[in-house]
Amino acid sequence: MLHTVNKSPFSSDALNECARFASTGSDILLIEDGVYAAKAGSAYEPALKDVVKKCAVYALEADLKARGVTALVPGVKTVAYAGFVELVEKSKVHTWL
Amino acid sequence: MLHTVNKSPFSSDALNECARFASTGSDILLIEDGVYAAKAGSAYEPALKDVVKKCAVYALEADLKARGVTALVPGVKTVAYAGFVELVEKSKVHTWL
Amino acid sequence: MKFAVQVLEGPYNNQASDTAYNFIKAALERGHQIVRVFFYHNGVLNVNNLAEPPRDDRNVYARWTELGRDKGIDIVACIAASKRRGIKDGHIIEGTRISGLGQLTDMAIEADRLITFG
Amino acid sequence: MKFAVQVLEGPYNNQASDTAYNFIKAALERGHQIVRVFFYHNGVLNVNNLAEPPRDDRNVYARWTELGRDKGIDIVACIAASKRRGIKDGHIIEGTRISGLGQLTDMAIEADRLITFG
Amino acid sequence: MSDEMDNGGGENRKKIAFVMRHAPHGSIYSYEGLETVLIVAAYEQDLSLIFAGDGVFALVAAQDTSAVGIKGFIKTYRVLDGYDVNKIYVDRESMEKRGLKPEDFIIPVEVKEAEEIAAIMEEQHATIPY
Amino acid sequence: MSDEMDNGGGENRKKIAFVMRHAPHGSIYSYEGLETVLIVAAYEQDLSLIFAGDGVFALVAAQDTSAVGIKGFIKTYRVLDGYDVNKIYVDRESMEKRGLKPEDFIIPVEVKEAEEIAAIMEEQHATIPY
């Protein structure tokens, strides 16, 4: 299953909740303000590293650029909108608002 | 100064941030989903007890009733809308969205 | 005292409009003056006159009409925010108007208290 | 594959409409079918035809017109959510329509993938 | 898939889960979410309702919205059973963190661990977040 | 208050602070907030801008919104100085928690502790949250 998160992990519990309900081995895609979770060197990095151990974590390229997030937490892969679509082809998707 | 918070402390960082920027002795009023912070017996109770030590914490009666929040964390006072207005009369107000 | 009220969320979708209304009623009862209600962000949706809310629920639009038309409170939706969201003269409720952010500035300066609901 | 898209937030106020549009464009390019776009909650604001967005920014309404009128995608705003928020037949953009929650149910059943943006 | 494999409504019933994560009244997600559940329920699909995060607050029985001037909808949950919607799951951690117990809720629920809810979500044809 | 006590614009300038707590792009708070600042700035009041929480992300210089198809506004912060808006405060804890440094920002800022920001807020005639 693919899970998407569009909220900042600093102001919302969406990503924490998502990670709790995502099965091991599932995909998590960070979009919109959700990509801040992927920023290297933030206080959220240790938490995201744990998520990366459990799930494949992706971040949407366009949203990273829009927010000036360049250095990413190790293990996070980037995708374009076409890659987003490919992830949805691969499995059902749930959105954590 | 009066600070108002209308978000649940379980899903938003608004109350934590409010408490960090509220001067000692100022008033904090919990309204709307913010009143969940005042619920006795939740995992947020220890955090709210710290806030109560620093600030006078109020919760809006109508919002408590609407959400079925009955038992409150010790030290939290309840006010009606008239009491909300009185708090605003007393000092300037800032809203934490 | 002179109170100014800013509302940042639309009706029904969020409780902000309801809380603002209940606050204003209580403020009026305690003898305060509401110098203006200013709608910004999605708050501008509060003045849309095309809505037909369910009859078994409160009518948020009727409440603003009551405060604006009947009680004479100046109720303003920000023009820039309104244009983005499709709120337009000719389609706004009675007793409200669309104007610029200068109205927010003026009320922030003039009022003893500015309070935001969002 | 058959994709169904639900959008829960209004244009400009949140990025959901932009992300949904970019996702749909990419899905079409990869040969997928969009069985329907369903607007719920503040999402219904996306079909308002009274808006005049700033000219130096994207026009979210024009994007939905492009997908609905020009590309023939079925774009539906929930009637109950629309009534609460003042979205009404006669004031909606070309290539969109207002209908019931049954349209959401149908697309959830019919599509291989249901994806929500909010 | 043959007709013999169908059961329940005798049609191709699909598994659809609603994941309710918002508190009531502060925003409309909880209320409009329930409206959707009632409509989808009439289509006789295989529905599940998952309450997690602040969504668990929606089920608290003792809600009285008269003083805020908003229509309450807590009693509406009681009609779900009449629509054969009885897979009502509550996330244990969300519930306990908020100081709630099953007895606080307006309808009977099944309390589940996060891993069980994850498994339920994986089985669905579609999941809808409100 | 006598005329002699006025200064700056020679009028009764009021202290107004904007408290920016939202990240850019995901919601419009940050953008419409800046629009308001520019209008209020023309009134020659004594303005302060406080960036706290996710609001600090709004100032990150390296933003490029072309791929999301949204108008960027990061360069607009540069015009603030021309309006004599130069009390730009950033909360240290918010900044550090998000892995940011003053060099990441599009304009010079004063990094403040929470207690200092609390004191600034207490001095204001009005505070506006976006």
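Order of writing sets the labels: A, B, C, D, E and F. Residues in every chain begin at 1.
As a working rule, a residue touches a chain if its C-beta (ideal position, glycine included) is under 8 Å from a C-beta of that chain, and two chains touch if they have at least 3 such contacts.
Not measured: the values here are computed from a predicted model.
The fewest steps needed to get from subunit E to subunit F, moving only between touching chains, is 2.
The minimum number of touch steps linking subunit A to subunit E comes to 1. Centre-to-centre, using mean CA coordinates, subunit A is 38 Å away from subunit C. Centres computed as Cα averages put subunit B at a distance of 26 Å from subunit F.
Work out the mean CA point of subunit B and of subunit E, and you get 29 Å between them.
The set of subunit D residues that touch two or more partner chains comprises 8, 12-13, 15, 19, 22, 41, 54, 80, 113-114, 116, 118.
Residues of subunit B in contact with two or more other chains: 6, 10-11, 13, 32-33, 62, 92, 95, 97. Those residues of subunit F in touch with two or more other chains are numbered 21, 25-29, 53, 68, 70, 125-127, 129.
Under the contact rule stated at the top, the pairs of chains that touch are A-B, A-D, A-E, A-F, B-C, B-E, B-F, C-D, C-E, C-F, D-E, D-F. The part of subunit F that touches subunit B in the complex is made up of residues 19, 21-22, 29, 52-53, 91, 93, 114-115, 117-119, 121-122, 124-127, 129-130. Looking at the complex, you find that subunit A touches subunit E at residues 1, 13, 17, 20-23, 92, 94-97. Only residues 1, 3, 8, 15-16, 19, 22-23, 25-27, 29-30, 32, 113-118 of subunit D touch subunit A when the two sit together in their complex. Interface residues of subunit A, counted against subunit B in their complex, comprise 10-14. Interface of subunit D with subunit E (complex): residues 6, 8, 40-41, 80-81, 100-102, 104-105, 108-109, 111, 113-114, 116, 118.
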